[in-house]
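Two complexes, one shared chain (subunit A), two partners (subunit B, subunit C).
Our next item is the complex of A and B:
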């Protein structure tokens, strides 16, 4: 059984979903109007009608065992889904992200961007599925998942899966798991930036494309401050 | 001639990478106010010397000593060397995606101030300083918003190096093949910047394969580095000899 959240024709909604030690909370912003949406905020399924738009940003803070399971149904032409997130993991953190994006009709766009840091002996799993139905022509579907590993014991598994049954689509996916670049660190240190601070700059710049997706400036500032201090303690 | 205070003293320096010895006993003394050129053919160890002086960790020093203003340089981290007044202009400046020049320099300048026990610069004062130093190397104001070296031309990268040098005010600047990849206009801007920053209290090491840059930054002393050793030290007239007769004549 799914908890469904629907956005009606022409409606729009932006949400930041924060998962931390104290649970799950949602900060809402953007153009959501009364009557344009309905459903539980405890959703694990989003349905977008014609020309509906959603912008979801997940922020997974340290010391969290997170299991994000989301299905997005693009059910009306012109619908657009932007789903992004960051995960900041350390110690024994376990994060599992399962995305199931379904392009059921033509002319819809979906973009996924998940980026994160894994230290300690954290485990991160990303499973991203995109399904494009046979008559969902002119679909655009993009998925990116990039992780930086901060310790030898941390582990990230990323598994994209594309099932495309239409022939006139633009789809792409990219996944990388890497480490902080030591050349960049040496360059910064040679300018007097201490090693720890150089790493913080690298981590924040790596995460910033996701934070840029938070469209409300006040919420973005609040989230950025929390992420900044969490990154310094990874 | 009266001798100025010694800034940098290298004695019997041997260093290498991955078990291969590249510097095979380098001796070099640099006094305040002097401009030294270190010339040499490819593979002589020029870049290894600059890397060792800046503290690049993958190079191993096996013998010898380096003293900077009386301190054991080889015991210092790269950031400590920067705070002490050493600046390396990279042959290949590193791109740092996502980090703006403003943020990069603010972090660097304030780290230098912290090391000196000073408070961070006020935002307004910092921006004024940036503006002044950017004009100095003819960088447009919008440069400050760009990501460090990302998508920069060769000339822009080297001007950015000299801009950073102007911001940090080092005592010893090491220019590693700063002329590589520069057209003559960029070369002039870079050389003008270096010359304008030069004082009787500061020193410069110009590492280069060619004469070109030394037409603009005129050295007091010229060294030839060959196969990991300084094989010849002379005045600036040595540059012309190398240019006409090549390194084989040395």
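Our next item is the complex of A and C:
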């Protein structure tokens, strides 16, 4: 059974969901007026009515065994979902992210952006599915998943899936699994930045597009600081 | 666009028949329907096979019996009664002319445009033609054998070169690999065998042509290509079948072994009968194709144009075992009416500095479903391995589906895998632009689709490229509207 969180017509909601060793925390911000939303905060399913908007950012910190399972149903025209996240993995971390985005009606937009680092002997799995129903024309659905492997024992599996039954749509997905670029490191080192610091800068800039999606400046600052120190200790 | 012209075009096309849908009237020899150990012994006896091959078949059959039809593909496959299929059909030999090809058969291949006689020397292609279960003829024997190249039917290879066949058979696709390959291993009838010796560059394109003719039969051919050190071969495969209301099964296995510094280019134009506009009939094309880049610096390239078959289930794959080996997969898959395709590739990177590239172009029209399914796997030892995948889907009409199911598994710190996919349709601006310049809608779609698939088509050998371009336009005719 799903724990559903609904956003009513015209409603909007922004949330940052932090998963770390101590569990799951939600920081809410933005214009979620009372009555615009209902449901439990322990949701694994989000339903968006007409013109409703949601912005979800997942922050998965090191030392976490996380299993993120989310279904987003775009049920009303004009709905917009932005779901993004970062994962910072080391040691024995296990992170599995399952995203199921369903465009049930026309004229909706969804964007997904998941980026992360895998060190130690971490295992990361990403399964992201976009389904565009028949007649859900003018859909725009985008999904990106990028991972960087930092150690020999880490492993990343990614399965971006597109299932499209309407023709007038713009859909794309992109996935990469790679390493830190050595030319960039060389560039920085030749300008006097030590190797370790250069790597940290690379990792932080890699993650920053997701952090930019946190719309509340205070929350963003708090999270950026936490991510910064976590990356330095990866 | 003028509504009336569009309607006319649609009707015109609906009335058009599958070009290769004729039936050839030759006397045929069948074995009874159904499948059990006796049937397998019978097939083996008919082909006068050695004991080891019969054992191989029986072993495969025993495994197959324990297996289940795979159901993970995005396909809606009606139940197949494997006991209702004739597993072996062959044109009867005309006793008056034992050494020549049946004129009817020759006419069939003539109609299909296969240069089966030596007079086709102009075409410069060596052909092995398989009609139902037996290989009919292989051309250019002599020219090839002068270079030490073996290119013959599979049955002949078993007789003449048993050591080679024994060494490589099932070395890439093991007997129990999957449901259909096990079935094929049990009942395979004929196919092509090709061996290129060390350092030889095959002077011409090799080609095999498959045709299902007999009613109620299945076709199970087996192709084995071995390219020894430093050799090169370009191999082409084409297929057609007559129009029938029933579904016919085609379950082939292709194995390719590429040794050190050798290169194999494998091209397919698959045009089995796709069924009629209501989705009745057509071939079930369940094929296992796999190659291994065994030695360092070896290269295997797959190019496929898939326009036929009611259902296609096919994943030409490469195991990149040798260091510095590389592989490419270029595919255009077109589905129209009620066709279904679930096709793609697997690239398994084992060796260091291995590279692979995947370019897949799916086009779906009518009520069809077209899926790309692919696996890119980097094993821990695949240092500095590299993969790039590009999967595009083009939708024509609002009742079809286009799906992308890639799977990327990276366990190597230094490997880089990139995948991207897009889905779009032919825009009205593009069509308008063409119409404005006097190109009618039908032709415009052909033009746009050919442009969209160009990257793949340009990889085909010339003999195939022209046919493929024509096929693309024909397969999509009547889909605009």
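Assume the second predicted complex is superposed on the first by the 234 of 234 C-alpha atoms of A that agree within 3 Å, B and C clash if a C-alpha of one lies under 4 Å from a C-alpha of the other, contacts with A are read in each partner's own complex, and residues count from 1 in each chain.
Criterion: a residue touches a chain if its C-beta (ideal position, glycine included) is under 8 Å from a C-beta of that chain, and two chains touch if they have at least 3 such contacts.
In this text, all values refer to a predicted model and were calculated from it rather than measured experimentally.
**Q** Could you look at A:217 and tell me whether it touches subunit B, subunit C, both or neither (first, second, both, neither)?
**A** neither
**Q** Tell me the contact category for A:188 with respect to subunit B and subunit C: first, second, both or neither.
**A** first
**Q** Return first, second, both or neither, reflecting whether A:206 touches subunit B, subunit C, both chains, or no partner chain.
**A** First partner only, subunit B.
**Q** Touching A:152 in the superposition: subunit B (first), subunit C (second), both, neither?
**A** After superposition on chain A, A:152 lies in contact with subunit C alone.
**Q** Tell me the contact category for A:23 with respect to subunit B and subunit C: first, second, both or neither.
**A** After superposition on chain A, A:23 lies in contact with neither partner.
**Q** Going by the contact rule set out at the top, does A:162 touch subunit B (first), subunit C (second), both, or neither?
**A** In the superposition, A:162 touches subunit C alone.
**Q** Could you tell me if A:134 is touching subunit B, subunit C, both of them or neither one (first, second, both, neither)?
**A** second
**Q** Look at the residues of subunit A and decide whether subunit B or subunit C touches more of them.
**A** Touched residues of subunit A are more numerous for C.
**Q** Show which residues of subunit A lie in contact with subunit C when the two form their complex.
**A** 134-135, 137, 147, 149-152, 154-179
**Q** Show me the residue ranges of subunit B that touch subunit A in the complex, using the header's touch definition.
**A** For subunit B paired with subunit A, touching residues are 54-57, 77-79, 81-83, 87-88, 90, 93-99, 103-105, 107-108, 111-112, 115, 164, 168.
**Q** Give every residue of subunit A touching subunit B within the complex, in rising order.
**A** On the subunit A side, the touching residues are 183-184, 186-195, 197, 201-202, 204-206, 208-209.
**Q** In their shared complex, at which residues does subunit C touch subunit A?
**A** 74, 378, 380, 393, 395-425
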